[in-house]
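Just below is one structure, and these are the notes that go with it.
Each chain carries a letter (A, B and C) given by its place in the written order, and its residues are counted from 1.
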Amino acid sequence: MLEVARLSIGFRRPLGLWRREIVPALRDISLQVQAGEMLAVIGASGAGKSLLAQAILGLLPAHAVLSGALRYRGAPLDPAALRGRRIALVPQSIAWLDPLVRTGRQVEWAAGRAGLPAAACAPAATAALTRFGLGAAAARRFPHQLSGGMARRVMLAMATLGQAELLIADEPTNGLDPENAARVLDHLRTLADAGRGVLVISHDLAAVLPLADRVAILRDGALQETAPAAAFRGDGAALASPYARALWRALPEIGFLPAEGD
Amino acid sequence: MNARAKIKARVNARGRLLLTGLTAALLLGGALLAGHGMDAALLRPRFGLAALPPGPGYPFGTDALGRDLLARSLRGLETSLLVGLLAATASTLIALLLAGLAMLGRAADAIVGLAVETCIGLPHLVLMILVAFALGGGVGAVVAAVALTHWPVLTRILRAEFQAVLTADYVIHARRFGHGPWFILRRHLLPHALPQLAVGFVLMLPHAILHEAALTFVGFGIAPARPSIGGLLAEALGSLSAGWWWLGVLPGALLLAAVLCLDGIASGLRAWLSPRVAEA
Amino acid sequence: MLVARELHHGGGLLDGVSLTLAPGQVVGLAGPSGAGKTTLGRLLAGHLAPERGTVRLDGAPLPARGFCPVQLLPQTAELAVNPRWRIGRILEEAYTPGAAARRAFGIQDAWLRRYPHELSGGELQRVVILRSLAPGLRYLVADEISAMLDPLTQAALWRRLLEQGLGILAISHNAALLKRLTTATWRLEEGRLHRLPMEGAAGVAANREKRWAEISIGV
């Protein structure tokens, strides 16, 4: 469904007063997301993972330089046309919401943006919120009154209103306790099982691994490997790259081992 | 590629703002120097050359008494700028003092807050006229009048800035590292305050100048013998019906240009002092 | 010994909380979000004064002057540094860390001239941690310091911290991490501390633990 081919992203950065340089952030990334699967992109903070989401959605800042190809269903990806309709983002923070408007109303707006006719917006919004366990009380609250878990679920609701085929979740477990994090990921898994493609961007391998189909490991902007989730097993021998193995063994659940030479 | 695109390609956003600031400063400085360098004879009445429109030899024309308008305007700008500088300095110092006092405690903060809110609500011009009148007019009175009416806005900004810094987590950490109030003032507060002070000062200049012009125009400011933009505009008012448009329009345009230059300098200053600027 | 006795704070947020931290001991603190773990951490490090109750270090109140032997490592590093200071200056606010220490915590020399907003959250977190490791330090309150870090950086960081031999209160949601780090874990819920059993979480988290038990054999 989604194909990323040799994507590279860099940033123009001012050097002193006169010059500027291009700082590479992502280098030569290639991956695919199929319908019905959950692909996790795992990397440390600063590895460039969020940039991938921004590139797909056409939300890169003005000083970004992009090369490579993004394709959706075989055709070159046009973010403006697909964003909000076929491709939806579940963003990291509630900063994306309007702080002065009640949640319920914002979900209705999202329904309108997703292409639903005006009359269908309100019922669709209520249905979406209910699907994620949020009732009328939550709809009446303002964004800053929502707890972390509730806010995430509101954004999930907004992203799933239209019939988006591809969902991109940017750090869905950030700031959530294990209960809520697991719930959000379970929702995403259900959406994948229902036939959508789900791209999860995260640094939290432990939370995402039990639910993902395949895992792509990013390090300093470069792709180390893309492995099926089943390869993360035992002592990680099934993983191809040393970095992925080291990452696996570093998990407290597994070995809590730092990399060699540290 | 035209010159503009060339510059944009070579120089990043921060550099551009600094360039603007420097250009503005040069323009302003040049104008002042030119005004100073002009022949003093141009400022004396020459009745044979009265009321000439702008033309060769007289870029701004002459006024009703035959004085060269460009020379008068530039001298007037110099006076206005001087008054503006003095008033803005005094105002900034008042604001700094009050904002600092407000940090001493809850009661002090409440009093300063009340003073700021009250004074902001008062009409500027009326207050200034009262002060200038009470002090008998002249440059000193104008400086005092402008200074005493412009401190509230900067005080509010500085007070908010100081409060934000003093309640910030990193200040608490600094205290837990063993640093005392003097260290916190010098190393944490001042770096935040200085840019605000500098930019606030430069932004106050146009206000001060315009208000001085207004005061002089209304008759409570600088004596008519000494050229000032406000005075020039006041003189021009009577002559407008005679069709001598240049007497009002040109000094006014000069004032506008000066204010725009100051704005440009303020932007450049802000870009220079602040590490967070948009990437190129 | 760092002893907190009968802490009451925040209108019921902390309702008679008592906690003891021995030198070199690592204790975990878990609990629902917003339950007051951060507040407790700040009280222990002297960032807040408790409404009732005391915090004592070796029998005396926390020192009002000089470097406090109990330091807080906060959840958000961005707020703990002056945005107008360069990294080099930030690092040296309490003491001067040596080049070896900087390398050990993965702090690159190129960062020293940068400003905080030019580093990522994880990178800034390491700067803030190293800044606090001054010679007089004896106890650390680590508030979710590795939640934003990838597993490798997390493991390396905690190994380094444990090498320092400090008494640490590790606040975290990560049960597996706490199991690795601590000898005892407390749970703060509804204003009170409960001793947490190391096994047997309930609900959704238990499902996850089961799935993990199926796929790992432990190295």
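To be clear about the criterion, contacts are C-beta pairs under 8 Å (C-beta built on N, C-alpha and C of every residue); 3 or more make two chains touch, one makes a residue touch a chain.
In this text the structure is predicted, and so the values were computed from the model without any measurement.
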A-C or B-C - the one linked by more C-beta pairs in contact:
A-C
The chain whose C-alpha centroid lies farthest from that of chain C is chain B
Between chain B and chain C, centroid-to-centroid distance (C-alpha), Å:
50
Counting in whole Å, what is the centre-to-centre distance of chain A and chain C, each centre being its mean C-alpha position?
28
At which residue positions does chain A touch at least two other chains?
none
Within their complex, state which residues of chain C touch chain A.
32-34, 119-123, 147-156, 158-159, 173-177, 179-180, 201, 203-205, 207-208, 211-212, 215-219
Given the complex with chain A, which residues does chain B contribute to the contact?
10-15, 18, 277-280
Could you pull out which chain A residues touch chain C in their complex?
42-47, 147-149, 174-180, 182-183, 186, 203, 205-207, 209-210, 232-235, 246-259, 262
Under the stated contact criterion, what part of chain A meets chain B in this complex?
11-15, 17-20, 61-63
Complex contacts: residues of chain C adjacent to chain B:
45-47, 65-68, 71-72, 74, 79-85, 93-94, 115, 117, 134
